[in-house]
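Some structures are shown below for you to check.
What follows is chain A paired twice: with chain B in the first complex and chain C in the second.
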Partner chain A sequence: MTYDAKLRVWRGDADGGELRDFTVEANDGEVVLDVIHRLQATQAGDLAVRWNCKAGKCGSCSAEINGRPRLMCLTRMSTFAEDDVITVTPMRTFPVIRDLVTDVSYNYEKAAQIPAFTPQPRDADGNHRMQQVDVERPQEFRKCIECFLCQDVCHVVRDHEDNKKVFAGPRFLMRLAELDMHPLDNLDRRKVSQENFGVGMCNITKCCSEVCPEGIHITDNAIIPLKERVVDRKYDPITWLGAKIGRRPHS
Partner chain B sequence: MTTTVPAPAGTGAPGRATIAARTLRTDRWWVQPAITVGVLVAFIVYSTIRAFENANYYVEPYISPFYSPCITTACQGDTFPKLFSGPSFLTPALYILIVPLGFRLTCYYYRKAYYRSFWLSPPACAVAEPRAGYSGETRFPLVFQNVHRYFFLLGLVFNAILTYDAVLSFRDHEGRWGHMGLGTLVLLANATLLWLYSLSCHSCRHIVGGRLNNFSRHPMRYRFWTLVSKLNARHMQFAWVSLFGVALTDLYVRLLATGTITDLRFF
Partner chain C sequence: MAELERHHYDVVVIGAGGAGLRAAIEAQASGARVAVVCKSLLGKAHTVMAEGGIAAAMANVYPEDNWQVHFRDTMRGGKMLNHWRMAQLHAQEAPDRVRELEDWGALFDRTPAGLISQRDFGGHRYARLAHVGDRTGLELIRTLQQRVVALGIDVFMECTVTRLMTGPDGITGAFGYWRESGRFISWQAPSVVLATGGIGKSYKVTSNSWEYTGDGHSLALQAGATLVNMEFVQFHPTGMVWPPSVRGILVTESVRGDGGVLKNSEGTRFMFDYIPEYFRKETADTIEEADRWYDDKRNNRRPPELLPRDEVARAINSEVKAGRGTEHGGVYLDIASRRSKEYILKRLPSMYHQFMELAEVDITAEPMEVGPTCHYVMGGVEVDPDTAAAKIPGLYAAGEVAGGMHGSNRLGGNSLSDLLVFGRRAGASAAAYAQAHPVTAAQLDDDAVAEAGKAALAPFEREGGENPYTIQHDLQQTMNDLVGIIRTEPEMREALDRIEELKKRVANLSVEGHRQYNPGWHLALDLPHMLKVSECIAKAALERQESRGGHTRDDFPGPTPEWGALNVICSEHDGSISLLRQPLPQMPEDLATLFEETPA
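Our next item is the complex of A and B:
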């Protein structure tokens, strides 16, 4: 079935912009990205929109749909009533380049600052070995497609621009957790997690987990365990003492 | 001298898409925080009244969880050794409630609940918070949230005591074993819910195995971690149900103590 969908799309750039109304044809089975493409093809040829796989795997078409951070390619039109006005804006945490496209370089800068994987020496036969049971936890975090919706929704940077200097955001706290939990990694990342990447800024309100299109339990499985590891090092005298006398190695 | 002007807070910062609305969400995002405020305020009011009431918390063989462990000489219950005599203006409940209160106050789930609903930080996802500054849990007093694991450990002691109370409720009012009433089931259910809430705690998950990087070298701790992880997925549900459980258990004991109802006795 075909109907006329009512869209409000943010048009503009870093100097300013506004929400503009459009009526665009929508068909059964379509997603918001389909309708945005049709808008671009029929009425707004210069509409800027970033997209790639249209399958929820590349993380390119991140936007805010009716105020909620979503992938446009995974948001079905059937979730809205035909007479709903669907508002589509760029992610509001990052500087806008044009229309629905934002400059997400903040994320790449944070990624570059994270201490790299530092493996322990290889076994005598030249191999690295690890058990599946040991890598299952970090493997969950490898599902991340870097759509940066979690970064977009996190109020620590969304509502406080100044915090971008001291807070890495949920995606990169998860990266720190992934490396800290890795069975072959030798580097203790607890200190930098607290002092350089701001894990203490997170107040675990779980919006990152709510918006993750991959369903990664970012808060429960990455950030809270990372916070607990920081507590081990910084706030738990018993664990600290155990580590000092060699009874509790960080492994 | 150069003066730096702080960037405007939030989504109005320079360079971001110029959208004046605090949020463009069209759903009723305020319902969940409103319900949380309502339930938590109701619990706080009820538990405060009961903590200061200093009466109707013990009717043999049942004791309210608000007054157990019963540690002062002024306490009516006989389920715990009397350790000291405190000033009369302090009720027996006030000495002990710091433990369950501290455990729930620093709980990772409740933190989410009250940061969202009371602090509005944020009130809901992608809804701007009202304050200009934010330092998270990095400074006093919120840095003390990091003591959660100690409240967890103390909470386990309390759970053991409340389980002991439930076992003692298999005695009748004269202390003879072989009794069971509805109150016995209520106390057992309360203790069970508290165990589920405690064992599903994120700190518990970390302590039993979460801090390890090589589960394969610690198979027993891995099994514990796996079990606690399964419980942990339901931590929110256990947090709420156990909160209701404590309040309803206390209410049941109070209704018995005031003679409003009589205990249904099975044997």
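Our next item is the complex of A and C:
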């Protein structure tokens, strides 16, 4: 079944832009990205948009659809009525490069600042041993496809450009939590979590968890435990070491 | 060129998938100054999409497993056309390459003893794939990405290389543009590693993304290197078929490894009717034996659903042609009736997600509809197995862009391991070469740089020409219809005629807008690569008059011993592709004995 979908797409660059109306054919089973691609192929050859996998695995096609941060490849056209106007705009928290493409370098900079994974040595036979139960908690965070939708929605940075210097955003607070829970990691990142990455600035609104296309419980499972570890046991190396070793029944 | 941004490095790695990142890590560890260049953002390369796992004979689940068994499986899966030395190095080194990922933070699923767990996949004798649920590629790329960032390696992202630069002594660097601004950039470097992935975007039904336009294959030809066995294109048996907009998106082989079976519209497990003589001895011939195998591999043979991919893809094709397909022209893949909901959700979470979101199908309750999709190219840059060196001094290739490792058909899981093994080797060799040939000796030729810039801007100069999207669409349709899973001589000749027409159309196309982040322009620059690679595939496929692995000729059914001893080599001279039949490298006696009990 085919119908004419009504799209309102933001077009412009760093100097400004506007919402433009388009009528584009839509077919059964399609997602917003399909319709954007058809728009590109038939009416606006230079429409800038990022994508790779078209299956929700790479986190490239992030945008705001009717104001809500979403992956375009996982937003089915059937979630809208045929006469709805679908508004597609770039992620608001990041500077626009062109059309739907934004400058996400903030995220890559934060990633580079996080003290790297620091493993304990291997066992004598050359293997690392970890139990499934111990890897499962950090594994949840490693499902992250770096779509940066959580970064986009978080109010700490969404309307407060200045906070970007001192706040890493949910994706990277989660990375800190992941390293903290990693059974093999040996580095204490509690001090930097507080002082350099701003874990204290998160006030647990859970908006990040709501938009995560991977369904990761960012706030409950990553940020809150990180906050607790930072606040409750401020820089006590003995409890820290105890907690680390206690979680890993060494078999 | 006034606006040219210039850089100097010892090693430039083109590609930030598993192969490119592993190469960069090794080159840096060997003391080289390294740059990585990639078309997408860091972390988005194709490798991120890999699902099932990394094949490595670690023997964590089956102590009987070892490199010899893996080597044998790989060679037999590739119908003995693999470069024996690549297959040997791959099988020997894969376990170490997987283990070292844990030193960099990877978290694989575990066995009860706390070791890396391994799962079953088609063509592998033992459960051998290290994995994380069904998102192994994400774990692999994120681990390598975080390592590259920790090492402080320079990454040029959203930057496309359009030309390799060469001088009388070999490679001198590369030329490209920033996608964001459209501005030109050059890297002067004595060593370049190609790690650009595959070619699947030339086909209409494909699991591959916009990046897979064969750039590395085409750049290698342009620089004077050679391609081997381009006729072998893997059609993965299980792509999604419905709805139309997701046609081709991959359904991981793990569904079958974890117990899923294929059925036609009559409800028959048809794979039992398609067991080839070559694999009869190791394949179950009753449903009962096949079902017992999941729990007892020692006393039972593998289910036919887990035959190598070429066999399964052809079987599905035949069932659909015989009128036993599903409503939307596929077959059923059923795991719902065979495994519990909990098991499916634990083992295949992203497949569950994918079908729920894209097709509104609950795979824990209903069967999936699946059919073949273009997935992987076995052919690629001809390299020296030990050093990954191409035929031009200073040029290296690793990962999907390199050829030889997988013969005529790749086994699942053998790509991710290939990336790590040969990525590392390419990085080390490129660094060693740069040490012997300092960057100052590799001068970029100013005229060639100017010429490359002019060529890149040509689409803007023309007005009123065709739009690149239409031409791409026509190429995809041509390759799908005429050089697809089953091939005939008249169809391939027709494809070559159409490719000639398409070349003329590409020479006259025009793009709208300006240079800043302009996908239409980007596609216009990718199209010549796609056409060149498609021409190689069609020509090589026409040349090989037999059927083997990922190359099936209706007019020449079955393999022949003569062709089993030959590779087809492509090279480019004055813009045209020529072919050469080259004898296969001879496997040494001690390895050959591993195959004695079976016909080659």
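Assume the second predicted complex is superposed on the first by the 233 of 251 C-alpha atoms of A that agree within 3 Å, B and C clash if a C-alpha of one lies under 4 Å from a C-alpha of the other, contacts with A are read in each partner's own complex, and residues count from 1 in each chain.
Definition applied: contacts are C-beta pairs under 8 Å (C-beta built on N, C-alpha and C of every residue); 3 or more make two chains touch, one makes a residue touch a chain.
Worth saying up front: this structure is predicted, and the values here are computed from it rather than measured.
Superposition model on chain A: chain B and chain C are shown accommodated side by side without a clash. In the superposition on chain A, A:10 makes contact with chain B only, while chain C stays out of contact range. When the two structures are aligned on the shared chain, A:32 is found in touch with neither chain B nor chain C. Once chain A of one complex is fitted onto chain A of the other, the partner contacts of A:142 are limited to chain C, with no touch recorded for chain B. In the superposition on chain A, A:206 makes contact with chain B only, not with chain C. Once both structures are fitted onto chain A, a short way to say it is that chain B and chain C open up an angle of 140° at chain A, using Cα centres and rounding to the nearest 10. Of the two partner chains placed by the overlay, only chain C lies in contact with A:129; chain B stays clear of it.
In the superposition on chain A, contact of A:158 is made with chain B only, not with chain C. By the document's definition of touching, of the two partners only chain C reaches A:49; chain B does not. Using the contact criterion defined above for the overlaid structures, shared-chain residue A:182 touches chain B and also reaches chain C. With chain A fitted onto itself, chain B and chain C come no nearer than 10 Å, counting C-alpha atoms only.
Across the two superposed structures, the residue set of chain A contacted by chain B and also by chain C is 131, 182, 185, 251.
Touching chain A in their complex are the following residues of chain B: 6-11, 13, 15-19, 21, 23-27, 108, 111-112, 115-116, 121-122, 125-129, 132-138, 142-143, 146-149, 202-203, 205-206, 210-216, 222, 232-233.
By the touch criterion given at the top, residues 40-44, 46, 48-49, 99, 102-105, 107-110, 113-116, 132, 135, 138-139, 142, 146, 149-150, 180, 209-211, 242-246, 249-250, 350, 353-354, 357-359, 467-470, 473, 511-514, 516-521 of chain C touch chain A in their complex.
Interface residues of chain A, counted against chain C in their complex, comprise 13, 27-31, 34, 40-42, 45-60, 74, 76, 97-99, 101, 104, 108, 111-112, 116-117, 119, 122, 126-132, 135, 138-139, 142-146, 179, 182, 184-185, 251.
Partner chain B is touched in their complex by these residues of chain A: 10, 12, 14, 16-19, 64, 66-69, 84, 87, 89-90, 92-96, 102-103, 131, 133-134, 153, 155-156, 158-163, 180-183, 185, 198, 200-207, 210-211, 220, 224-225, 227-232, 234-236, 251.
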